[in-house]
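Report on the following structure.
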């Protein structure tokens, strides 16, 4: 779905068959997400986290999901709500703890959710590897720890490393600052975090953006995610995030 | 050598012990490059190629070098001149051909230079891996070709891959557009190419920059190489490059 | 080659380089992300109408490449992989070499059009070196493009200057990649690479399957439409 | 613990968290690139004088992090790894998570200051989980930082609340990394991790080596200066 007909009212289309990744409704944004999908969710804590899209995914109803995200949600909203509704089979993250990880901890203790803990840098690199066509790589992170269990170990140049595999998503949910109709994205300050690597690691990448700008308005030296890594963009001008 | 005393006349220092990576002379820029060093040279053809620093390296006199560069020089100037002077033991590149690769071809036919041909994407990734602390990775590039000779091959998920090792430099020579005293760099258009990955892959990274700007003048969203990857900056306002 | 076939080939007019490029351009769907190999494939961009949005990528970190600039408007820092001056379209972006080859190897491009010395009926391609004793072999980004991009089309003359077929049962030149070519555009025909080998999709006017077969080094099948 | 040693320990005043952070800050050379682990180490930044250029990195893609903002000047998109609002100094830059951990794992940072549950005399560190049956283990970036950064210092209380030494012969908690700790700052002392084990670099006023040994779970050596 790289090409969709342009909608009237978006940034000045003159050619009705031009590339336009901007969708007008949440239903369009979520279309095609299947039960059992691996869903990459951007953000570090609540900053850069695509909250509107997570709510859209809840509404959409897909279940049996594997969620890949640095954190496992806070309180009973957003990601935590998705978990609470029993939609998530497994979570792959580096840091499920939070100020209020109540939902995750309940499910985990009850054995109702599978947890794969991945060191944060290894998580980022496994996602980047998936996006860059690298099926596996070696890293020194976690050598000699219990997270090395069942992983292939190898000595290279006198140092020990673990083999880690690429982690690809069926879907990525991304939060951006600005977007254009080709799907080019910028981020704001530390809200960049996992978003660019997740955008490139998924088959279907859906971004929510605070600002939709005309094609050509973004500085080509400053685009952090080129549109080739983005399938759909939804305009969600929600204002300021709240740290949770 | 992360920290050097500030020089009078650079962008408004008030603290004499602040970080200042800007050097005033080519001799300072080249200080410490040893015989036998692995030298990464940025650029794709002549665009983004640090010509002044290459001339500085010729002047400096280090020999027995291994040069890592996408190309092997044109005519009898710059990189080709370095080769012609017999300073280069080995070249690692993807594309030694050019409109006028006379020096390289003479040396290569005479058996006076060792050549390691690396596919361009594998070259970029091996450099990036060195910079990112990844000692080795798998790639499908070159499987089944003569460039796969003596490389470990492995099937992952039903596809064949080769194991490639990180390629680190002792020195990197970089061409940038703008630089500040912390070593933050921007590039111009396609002159970015290999420069950011080489900057992060070397122990001593030396950049020539067309413009020196005050600290804080570069947009933090647009810095393509953060200063942590840069050791020294030399102001070389040479104007427009010429495609060769 | 039997005489009738030879006469048929001799009588038909092979496509020019420009016609071949135009034919490839015609077949690229709107909205595709496309990399054009250095040499003849670079011309393909000139034949995609400006109002049709095909996004061209260049290995040296340019996504959204536009046509050659007017002489007075050259940006001397903006070249393509063939080291020619190009422009950037609105919506274009720059990236470094590792990110650029991440785009390639990661399977994000829909199409790559490559030149080649030989293509085999199993999709093998040889396009970087004509001998194991090459005086200075140069691979560039060909191997990365060939294995990484979703679909590889080849644009090449049907025969060498000495009359040998560039379409073969097996490549004899050093390989670039195994089994990746999906379609071949030559000056005589357009052929798909199928599980059964080469299937003829189109031929220049006046050519017959038999005549094309007579100048082709691998069995041809008629395309089933 | 013999009685004399116990009395000496009881009489001396351990450093406060703030004093420990200030002591670490004092020892960071100007110009170093430094990552501060979440928890107590984050405080270290507050004690580096503003005119001294130490460049702080945060895992979530911030290089050149400055102090907490004034309440009216908060950028709500700019947090540190501990999810507190911070600022960006002039010369700072943002990067994505893979690039940020490339900085960490690639050995580009001079120093990382981590909190810990235990440090062993061989430099092993345990700082992410206190049991193999942790109800919800959370590792974050600790393992990447511990193996990637050129030098790891640990900032922690000398003993647990129940009086057990956090400096040990071997870690009993799940390990974060093997043999990486170079120095430990506790509320009682500063110790280097050497090939011979812990070497005391400094102690709080009134403390003796014998007294410190009495509350430490691994042999101590006097520092050779």
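Should a chain be cited, it is by its letter among A, B, C and D, assigned in written order, with residues numbered from 1 in that chain.
Assume a contact is a pair of C-beta atoms (placed from the backbone, for glycine too) under 8 Å apart; a residue touches a chain by one contact, two chains touch by 3 or more.
Here the structure is a predicted model, which means the values were calculated and not measured.
Engineer: Please report the minimal path length, in steps, between chain C and chain D on the chain touch graph.
Structural biologist: 2
Engineer: So, what's the distance in Å between the C-alpha centres of chain D and chain B?
Structural biologist: 35
Engineer: Need the CA-centroid distance for the pair chain A / chain D, whole Å please.
Structural biologist: 31
Engineer: Where in chain B do residues touch two or more of the other chains?
Structural biologist: Residues 125, 128, 132-134, 139-140, 187-189, 220-221, 224 of chain B each touch two or more of the other chains.
Engineer: If you look at chain C, which of its residues touch at least two other chains?
Structural biologist: 88, 94-95, 98, 101, 104-105, 148
Engineer: Write out all the pairs of touching chains, ordered by chain label.
Structural biologist: Pairs satisfying the touch definition: A-B, A-C, A-D, B-C, B-D.
Engineer: Looking at the complex, which residues from chain A come into contact with chain C?
Structural biologist: Residue list for chain A touching chain C: 2-3, 15, 17-19, 128, 130-134, 180-182, 184, 200, 215-216, 218, 220-221, 223, 226-229.
Engineer: Taking the touch rule as given, give the residues of chain D at its contact with chain A in the complex, in rising order.
Structural biologist: Touch residues, chain D against chain A: 58-62, 75-79, 83, 85, 88, 94-98, 100-101, 104-105, 132, 135-144, 147-148, 174-178.
Engineer: Show which residues of chain D lie in contact with chain B when the two form their complex.
Structural biologist: 29-33, 51-53, 55, 57, 63-64, 88, 90-95, 98, 101-110, 148
Engineer: Going by the contact rule at the top, pick out the chain B residues touching chain A in the complex.
Structural biologist: Interface residues on chain B, with respect to chain A: 125, 129, 132-140, 156-157, 159, 161, 165, 186-189, 219-222, 224.
Engineer: Taking the touch rule as given, give the residues of chain B at its contact with chain C in the complex, in rising order.
Structural biologist: By the definition above, chain B touches chain C via 44-45, 47-48, 94-97, 101, 104-105, 108-109, 115, 117-122, 124-125, 127-128, 139-147, 187-197, 224, 240-243.
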